[in-house]
Amino acid sequence: MELILVNLIDGLVTGLLLFMLSAGLTLIFSMMGVLNFAHASFYMLGAYFAYSISLAIGFWMGLLIAPLIVGLAGAGVERYGLRRVHQYGHVPELIFTFGLALLIEEVVQFIWGKNQMPYSVPEVLNFTAFSIAGNSIPAYKIFMIFISISIFIGLLYILTKTRVGMIIQAALSYPRTVEALGHNVPLIFMGVFGVGTALAGVAGVIAGPVLGTFPGMAFVLGSIVFVTIVIGGLGSLWGALVASLLIGWITTFAKSYNIAMSDILNGIGIATPENMSDNPFRDLWTITSPQIADILPYILMVLILIFRPAGLFGKRES
Amino acid sequence: MTDEMTKDPKQQITTDPSKPSERMRAGSMTITLGPWIIAGIALMLMPFIFTSNSALTIMNQMWITVIFALAYNMLLGQGGMLSFGHAVYMGLGGFFCMHIMNYVEDYGVAFPLPLLPLFGGLFGMGFAMLIGSFSTSGAGTRFAMISLGVGELIAACSVIIVAFFGGEEGISGDRTYGLPFFGVEFLKQIEVYYLISFWLMLSAALMYLFSRTPVGRMANAVRDNPERAQFLGYSARWVRFYSFCASGFFCGIAGGLFAISYEILTEENLNAASSGVILLVTFLGGVGFFFGPIIGAIAFTLLQTVLSLQTELWSIYAGALFLATVMFFPGGLAGLLMMHVPAFKLGKMSGLVVPYFKTLIPAAIGVLGICALIEMTFHFRHGATGDNEMTLFWTTFDSHSVLPWIIAIAVAAIGIGIAKMTAPEMKEAWDEANTAGGTS
Amino acid sequence: MKKITKLGAVSALSLIIGATAAFAEDIKIAFIDPLSGPFASTGTNGLHQFEHAVDFMVNDEGGLLDGQTMEVVGFDNKISPKESLIQLQVAIDQGIRYIVQGNSSGVANALTEAIDKHNRRNPDSRVLFLNYAAVDPALTNDKCNFWHFRFDANADIKMDALTDVIAADDSIEKVYIIGQDYSFGKAVSAAANKMLGEKAPEMEVVGDELHPIGKVKDFTPYARKVVASGADAVITGNWGADMLSLGKSIIENGFEGPIYTYYAAGSGMTAAFGEGGKDRIRLISQGSINPIGSDRARDAYNSFLERHPDGNIDQSRIYNTIGMLAEAIKEAGTADDVVAVANALENMEYDSMWGGKLFMRPQDHQLIQDMHIGVHTDEDIEFPYDSSTFGVKTESTIEMASMDSPTTCEMKRP
Amino acid sequence: MSAPALELKGLKKSFGKAEIIRGIDLSIGKAERHAIIGPNGAGKSTLFNLITARFPPTAGTVKLHGEDLAGLEPYQINRKGLSRSFQITNIFPKMSVFENVRCALLWAQGYKYSFWNLVSRSRQLNEGADAILEQINLLERRDLAAGLLSYAEQRALEIGITIAGGADVIMLDEPTAGMSHSETDYITDLILKVTAGKTLIMVEHDMGVVFGLADRISVLVYGEIIATNTPELVRADPKVQEAYLGAALEAEH
């Protein structure tokens, strides 16, 4: 019972982290139609920038400044790169972000080297907040939850209560009309891209110390962000939130409980074959849920695309 | 996401074979046969120019990538379908062939090796039929994301299902146990080279012809406008399905050739990185033209295999090259070449030669200067202490002294500077070369 | 247009092959490991150690035979078996006769098979494969061949040594085994279960699981299970980012016992574990760094630090590889006849500067050597890793570990 | 007596709460030229989309030559001999003009999903395409990318694609929309020429075109047909005058 609670908290942390990436991506994707493959790279940049800043003036300034730099970099990429490619269509845009992801990883290695960075949790937060049946919940996790929820509330406020938010929402559904109304759509695109990447940057800053700061960190996160927004439904912030939490919890619980395929198969009345070593399906029999935890989201996505192409909360078909 | 490829109005009509029917009826296939004969002869002659085994290995790799990229372009370029998991079809074909190879070895079955890729193709097609049955009902994001999901799934299975995939070590075999094929046992690289070349010619020709069949033509129509195609009596879904299966077939052939060439198949043949690479390769070459992927595959293989021998930083250059291509030449390398067709037809190519020399050579030198700066920075930062010597462009110098830096900066600045100065002249010449009439 | 691209290919191809014809005098060693991509850090660090080992042990001593120098040429295989095979072919064409590789047993497996086939099919250009780090036991058992020599202890030998220590520790009653889901992770798990069962039947394995390799973003759920199981010790074969994340997560989430590892030092990991890992992380290695094995080893380490102030010697076996190869070439009197060199390597006994004797077992070409179990700490550390204050201090040593372990290898000699 | 070419019974369509088509009964005979007119937003294009299964109807039936079309996909309906054009030009922009037309001929000539025939080898196919290009006066544009044609030429191509397959029921959605007078005349002549002997159903705003072409006219207002009759009688119908035509005719003169 206590373990369930602990897993709920852990899944929440993973899910919220994912949400900070997918929130920006779903805005970018649904407004500009860009499958931004470099989104996780901006997350990585956030961690690296924050690490370098934290060496000089401490973690908290890093938390403040690094996302700003990442956001500026993102806006710059939109202004001087994507905008040019936009006229050629969506596939070239996608290739552009693909190449960008490659390049960012290489540049990071060029500047910071190939080793893991010793970017760590600030001293103030380096204690155990509380324990549940021997499982300690580090204070830093509470801090991560706090930051992500504040960002979600902030985003929701901006999108629903401010003028800019209204325009963005309108642009999500009717990009041409908004342009016809005299709004500067390219500027909005640049802003959304900047903010989206800055959010990814925040995620990088706070995830770097716990999940590691190394050149492969973008690749590890990679396509799972896309999976999240497709499951949630393109353009839906709530969808992104729900899908992020869903993925966070599914993967956490799948890893925590060793559910074996043989138990399931036995459960539905299929007997374990006698001669396992000669059985061509022997590997299927020995699968356990932690082994496949991280591919469960992909399975979920394929199923959703087959049976509900618009995603959980999406209004239009992808 | 829409399934249109590019919105560039200047983009040429892509894979259009439509010579006036009159000419076709006269039976003058020579115009279209020309490049094929040249390519065939070139393939035959290559081993006489490059005799070393490593050159043969690299060329084998190239031709396999060519088949794979052409098959991929049947979807991307011809059918407007963006796949993120296409390595799976090539990989599965390869794994299947490897199992056949091992079966032949273990049970001494009389089986001629040259036929093996055919079975890889059939297996690839079979799997494409399975996946295509539900993924081809839409193009765009839906198709792309299903392909991504299936790709990740199979790649993950490759380490879990050891019986078929052999885990991370993969499965390996020995190609020489097959029936000798007219006395050839495929012990030597050169024999494998000709086998691969044969399959390359055959598959390329078949893929080319496929694009000229009714279903191949309708693939283009569905790419351009799926709804309109529906109102012409064609189900967009079935057209996509047939393209998908055909693509899977040729991917499987590439996989079979991979099995023969390397005698080992591993998880890397299935994973997302391989799927991403083939997308980049195809795009680099140019999706709009049938021969685009051929150029892309050759260029990328050289980049990956040859440039990486010269510098650790090869992937920085590769990344920069992709960005530059997509930003300035969305038609890819093939598009760049085909841009010159109008000027060529007008007989004005000669007017371009001098301006090209004036701009592109300094630009190239400038770029090399920038590369030199990057290499020197890298050496300065990451080289061993005390090991100040570095060799670049056949010159050895001290990366910690000032002079080489000044030279590199000067070369870069002057090169780019001259290129910038002469660029308007080139543009003018370009406009002139593309205008009918007048004298050049 | 096809002609133009082919011309490009022509010139590029002649470049690589032509550029290398010169300098055939040196004895060249091809280092085929990842120098770019996600695993580049281990590859690059390995290359640095090889380059230093060659200079320190051979070239600075006046070279081999009649003054020939040794040179290590780096080939970037991007940790891909396919690329490795291409680079192998390029290396062979450049006249290189010695191949070293270590990262990924998958690559090692592809290389050893390819080299076996190559040597069979091309007797004039045979090569030797000196494996310095790929530890899959199969390479010196079912898949062994005459051309492959392993200078690292294989996974079973390491586990044998680890379990000796664990079994002797009375405070450990329950152990948890966790590893990456692939051949090596499975081999570690199987060996740990088997050996603990033999050596300490009263000890309970409370958890034994595999996680996807390189894909896990957050190890917290696994750490929870470790804590919940009440284990006293954890055994893991993880490496790279998976090792660091797993280790940090286990420690942060409340586990208090030791973590026995294979690869939890260097490449930034020691610095990243820092204070949190102190006295908790234990790892198995050959060659003792703290205290250092000999004065010559101290000289070696210091001269390495002069070159790479931020670097580590975390693979002392690299020096053993070069030392033994040089010795074998001297004994064979030639560097060109690899069969003679291989025969000299077989059965060789060699005194390592890192302490202890080395013995190349002829039955399976597995090097038998002393194994050390060290602890991650900042006390008594002469040579810390990653420019931090932390390093690995040897706690216990098993001499000539698994000297008599069985092998299924049926060596076919030419 | 044979069944009418197209017969609608109780056809309804709602989007959410809004009922756009409120029960339409209409019967169009063989070789009849039938125009549907009505104010903007009356549901004319929606009606077209219902007939061709672009949208599923909420209620009612559509019969083509007496055969119920319920549950069929657009491509299946097309194969039964009903072909349509679109209000917004709907061609294959990156393919050549010739290719556009040739693709439209493929199914009709029985090629289906063939991958063993080469299109360039079929004389019947290529000559057929050229013949249609000649009909629509685009022969000298045959090798140009369709996306590069002028607007009027694209509309002509659209009609060419629509009739190419030899369907006997042709539906044209505002074929002259956005055209100049001379272009309109050109298209009107074209329609007359290419639909000779076929059933034609068209939505059109230009009253000149409507009264010049149509045998019968239906007036659609707010999702209902308020009158169906010959042009003269429709023109004289006071209901029509009141609801729509008066204003439209005034605008015309």
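Letters A, B, C and D mark the chains in the order given here, with residues in each chain numbered from 1 onward.
Keep in mind that, in the parts below, a residue touches a chain if its C-beta (ideal position, glycine included) is under 8 Å from a C-beta of that chain, and two chains touch if they have at least 3 such contacts.
It should be emphasised that the depicted structure is a prediction, and the values quoted were computed from it without experimental measurement.
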With chain centres defined as mean CA positions, report which chain is farthest from subunit C. D
Take the average of all CA coordinates in subunit A, do the same for subunit B, and state the distance between these two points in whole angstrom. 31
So what's the Cα centroid distance for subunit B and subunit D, whole Å? 44
Whole-Å distance, subunit A centre to subunit C centre, using C-alpha means? 35
Quick check: how many Å separate the C-alpha centres of subunit C and subunit D? 74
Two or more other chains are touched by the subunit C residues 36, 40, 44, 181, 212, 215
Which subunit A residues sit where two or more other chains touch them? 106, 113, 291-292, 294-295
Overlap residues in subunit D, where contacts from two or more other chains coincide: none
Which two-chain combinations qualify as touching? A-B, A-C, B-C, B-D
Sort out for me which residues of subunit A touch subunit C in the complex. 3, 6-7, 10, 13-14, 106, 109, 113-118, 120, 128, 131, 133-136, 138, 210-212, 214-217, 219-221, 224, 251-253, 255-256, 258, 288, 290-295
Considering the complex alone, what residue numbers of subunit C touch subunit A? 36, 38, 40-41, 44, 181, 209-212, 214-218, 220-222, 224-225, 227-228, 241, 244-245, 248-249, 252-254, 267-269, 271-272, 274, 386, 388
Show which residues of subunit C lie in contact with subunit B when the two form their complex. 1-6, 8-10, 12-17, 35-37, 40, 44, 48, 51, 74-76, 78, 80-83, 85-87, 89-90, 92-93, 104-106, 109-110, 113-114, 117, 121, 136, 181-183, 212-213, 215, 306-309
Subunit D to subunit B touching residues, read off their complex: 52, 54, 73-75, 78-79, 83-84, 86, 90-96, 98-99, 102-104, 106-108, 111-121, 123, 126-127, 129-130, 142-143, 145, 147-148, 161, 165
Give the list of subunit B residues in touch with subunit D in this complex. 5, 9, 11-14, 16-21, 24-25, 209-210, 212-218, 220-221, 223-225, 227-236, 238-239, 242, 246
